[in-house]
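Each of the next two complexes has subunit A plus one more chain, namely subunit B in the first and subunit C in the second.
Showing the complex of A and B:
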């Protein structure tokens, strides 16, 4: 049977606000347990939530960036359940009327461009953490994270493979970090996905029974968990079984998903509008202000890079992988005579490799756009060869400084003047008369021999193009 | 100084003129509490050392000439207001060990004004009750007759003021919890417009209905205290930001032409004859003061009790989820797993009425019942709001009884919750609409127990309500009557 996979993602993006969504406590990561939980976060008797405007700004930014509708009036609701790291016994979220509805993300997988529709994005608070290690027979509760603002972004079930799901998650990750609403740190849980996965016979309209895989906090786990789940469901159905609607957890150590709770155990959260918070009213001026502060979006910039600079969609994609990457590239361009292709090659080649080696982000690059531009200029004017340029880049990376000074100090300057090259070539020909004769007899392979020898003789500094020209001319001459 | 017959305003003058010190005044009240409260049970916590040190600070402030109207006045606070360093129990075993690490907004305001905390008053558990019989710390007794209830949930505040154990007391009103006990104890009590008094630090029962207010002997005293208590607070999203108002400004202005709306539904049975007689007599006083009677109708007021007993428990079931034994408050001594800890902690920590309301609230919010109960109740709530809007197009103040009966006996209604709930029939709709309401003493009914006249105003009409109440109190002396025990 030919199976079609149907996937929808729910993504929790932790919003990059300084304080929590309903209290003034700091959201900084890594403080001592409960050091960043104030009376409101601890849910002391009598405390009340007050909405952080900065979190709403983030939601509006996201809505505007995805072509969604920003609700002029949305409602905060209480989701009631008991858990030790949920201090109030309810989570403040949005239920019936979210702040953002609709919108779409564009992804490209294996050359196919797809629009993934978004259902909604709503604001809510995160819970704290239960710590089960370090306490003999007891659990510890850390409420530092309690009340951290989250934007839950829900996609329509428009994704058709694990690869598409990952492409969507990556695109979303790029967007939320690009517009500055989320730091995107997946290890710290700032960006995590739940995947709803089902399969159906191709051509069938009705959706299959879905399972939800919770808390996938890396793109690799997302891909592997979905792939496992697809296999599991297909094998189950083909063996005559049926998928049970349930929540599952992915175990990366064993690369499998396991049942966490079935639909029957699903809790009744008894949602109702939170009487402590007024409806959130967002007027047009607020939206306009946020729109005015919005940067050029990654998709638009990627398109512009292909249109204006003649870069491939792939190159443009690499250069717009993050806003810092794009900024670096745009800073580099004027330092390198606006040779976009050369700049793109170096940024996605040598620079990316060096960053990767040292696990650095581009904003922490040890070679600035100005330094790299100085180097590229010397390639452009023929002062150095591509090979030397790589050596020079390593020197810049290790030692810093300016390209020109390093070229001078290391004697990396290319030999381009014809008379010098002629001297080298003539000496070689005198040394190897047999090879000269072979070449002249039509054995053109020998040409490479002379290039190699000449390069060696010049200490690698011979300008390859000039050298070729001189060699051709001399070898041909009777 | 004869504390049984001195108003708050007179106390304030005495302090300002240095005829008495705050320490002396406070000691006198503490002495009365020590002598009389054993019979009443109006206070859960009294801490003379803390209070007297605040009195000394107030005396120093008065000496510096920096005193405000309430500086040096001891005020009792319902034990629902969080007070830093004080036990704050909300009348529950669940919080019987909870010492608040912070002050409610209201407490901050009184502290800034130089008022002192005289003690924390008893109340129905989590403000759920109309008789003060649900308190974990025992019932409060009515100073007019110790065999009768003081009303609830602010029974401790009402009884304390009635027995003149405090010149004024804070209270809260979710369905009548200020006005009904004020009526049953023969004192004055006001519940302001929803949003005027910050709920920050006021332990939540039903958030959309809860409102802080005051109980004191007279309308004038209420105005003085309200002047300090009302105020915008950024920590309460439902707090209303409007210019400060002097609630005593209109006191003494004539009532001629005041249009008094009399809702047909409040005068058509369901009220005991002695209460009805007292209310009629009070209305005649207003006639003599030049007010006009206007018949109005509040057709949906009959539905206010069922609507309230859907919405308030729904909110309460969620508000009280935080009492889980994890972070503070009572925790069962013995338990197995996590769920067992929750179950035992809450089974032990909450009393029967609180459990009943949590169960009711959980039920009406459950999947499959939400639309039929919660949403339907919200719709009817809007109809009740509309009733009042139409009525206030034709009148300035609505009047009627605050309670259908005078104070009843202990245990009389505890076996039938619905009978108990009906004692709030005249007060509940005011909370559902978020309007200000006030109760003032209006004579006595059967067996010499006080009757309360309720005045309901349009939004933000506290000044006018107090003016109307004050006019009546200038013409009568019911508010100056004190129970025998208070004269001792």
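Showing the complex of A and C:
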């Protein structure tokens, strides 16, 4: 049977605010346990939540970036359940009227462009953390994360493969970091996905029974978990069984998902409007102000790079992988005679490799756009060869400084003038008359021998093209 | 709307309330009374009326994104039943 896979993602993006969504406690990562859990976060009697304006700002930014509708009036609701890292016994979230609804993301998988519709994005608070390590048979609770603002972004079930789900998650990650609403740090849990996965016979309208895989905090796990889940569901159905609607957890060590809770004991959250919070009103002027502050969005910039600079979609994608990457490229261009292709190759080649080796982000690059531009200029004017440039780049990376000074100091300047090259070639020919005779007798392989020797004699500095020309001309001459 | 004993037990479980068997029939009666009132409310024609989400006709006041709280952990934890290494300790829970 031919199966169609149907996937929708729920993504939690931790919003990059200084303080929590309903209290003035800090959201900084890595504090001592409970040092950033204030009376509101602890749900002590008598406290009241007050909404953080910056969290709403983030939600509006996201909505405008995805072509969504911003609700002029939205409501906060209580989602009720009991768990020790949720001190109030409910999570403040949004239910009936979220701040953002609709919108779409554009993804490209294997050359196919797809629009993924967004259902909604709502504001809510995060819970604390439970530590189940050994506390004499007890659990330890750290409430620093409790009350941290989250934007939960829900997609429609428009994704048709694990690869599409990953492409969507990556596009979303690029967008939320680009517009500065989330730091995107997946290890610290700032960006995490739940995947709703089901399968149905191709052509069938009705959706199959879905399973929800919780808390996938890397793109690799997202892909592997979905792939496993698809296989599991298809095998189950083909063996005559049926998928049970349930929540599952992915175990990366065993590369499998396993049941966490089934629908029978699925939570009934008994949502209702939170009487502690008045409706949130967002007026048009607020939306207009946020719109005016939005940067050029990554999709638009990627398109511009292909249109204006003649770069491939792929290259343009690499250069717009992050806003800092794009900024670096745009700063580099004028330093290198606006040769976009050369700049693109170096940024996505040598520079990216060097950053990767040292696990650095582009904004922490040891070679600035001005330094790299200085180097690229010397390739452009023929002072150095591409090969020398790579050496020089390593030197710039390790020692810093300016390309010109390094070229001078290391005697790396390429020998391009014909008379110098001729002197080298003539000396070689005088030294190896037998090989000259062989070449002239038609044994063209010997040419390589001369190239090698000449390069060596020039200390690797001979301009390869010029050298070839001089060699050809001299060897031919009787 | 009729409420079964199963519904009642489920509600109690969701609210973490322990129900004695002897309490159930009495509670069911009381609940039926409350649900009767709700049915009465539901019967009102609300076409054209905007749903009410708050009793006050006001909008949320917002705070600026500024950290105003300092570390008061020692004071908060002085009234907690059990703490260790800065953590609040609770009976073990694993899903």
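Here, the second predicted complex is superposed on the first by the 477 of 478 C-alpha atoms of A that agree within 3 Å, B and C clash if a C-alpha of one lies under 4 Å from a C-alpha of the other, contacts with A are read in each partner's own complex, and residues count from 1 in each chain.
Heads up, the rule we're going with is that a contact is a pair of C-beta atoms (placed from the backbone, for glycine too) under 8 Å apart; a residue touches a chain by one contact, two chains touch by 3 or more.
Computed from a prediction, not measured in an experiment: that's the story for all the values here.
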{"item": "Partner chain in contact with A:84 - subunit B first, subunit C second, else both or neither", "value": "both"}
{"item": "Which superposed partner A:443 touches (first subunit B, second subunit C, both, neither)", "value": "neither"}
{"item": "Which superposed partner A:51 touches (first subunit B, second subunit C, both, neither)", "value": "both"}
{"item": "Which of subunit B and subunit C A:39 touches, first, second, both or neither", "value": "both"}
{"item": "Touched partner set for A:141, first subunit B, second subunit C, both or neither", "value": "both"}
{"item": "Partner chain in contact with A:275 - subunit B first, subunit C second, else both or neither", "value": "both"}
{"item": "Contacts of A:289 with subunit B and subunit C, given as first, second, both or neither", "value": "neither"}
{"item": "Which superposed partner A:231 touches (first subunit B, second subunit C, both, neither)", "value": "neither"}
{"item": "Superposition-derived comparison: subunit B or subunit C, residues of subunit A touched", "value": "C"}
{"item": "Contacts of A:202 with subunit B and subunit C, given as first, second, both or neither", "value": "neither"}
{"item": "Common interface residues of subunit A - those touching subunit B in one complex and subunit C in the other", "value": "39, 42, 44, 50-51, 80, 82, 84, 141, 268, 270, 275, 277-278"}
{"item": "Residue numbers on subunit A that touch subunit C, as the complex places them", "value": "17-19, 23-26, 32-39, 42, 44, 50-56, 75, 80, 82-84, 96-97, 130-132, 135, 137-143, 260-261, 268, 270, 273, 275, 277-281"}
{"item": "Residues on subunit B engaged by subunit A in the complex (per definition of touch)", "value": "81-82, 88, 90, 95, 98, 100-102, 104, 199-204, 206-208, 234-238, 314-315, 317-318, 320-322, 324, 326-328, 338, 342, 362, 365-367, 370, 374"}
{"item": "Interface residues, subunit A side, partner subunit B - complex", "value": "39, 42-51, 78, 80, 82, 84, 87-90, 141, 268, 270-272, 275-278"}
{"item": "Residues of subunit C defined as touching subunit A within the complex", "value": "10, 14, 16, 51, 53-56, 58-69, 71-73, 76-77, 82, 84-95"}
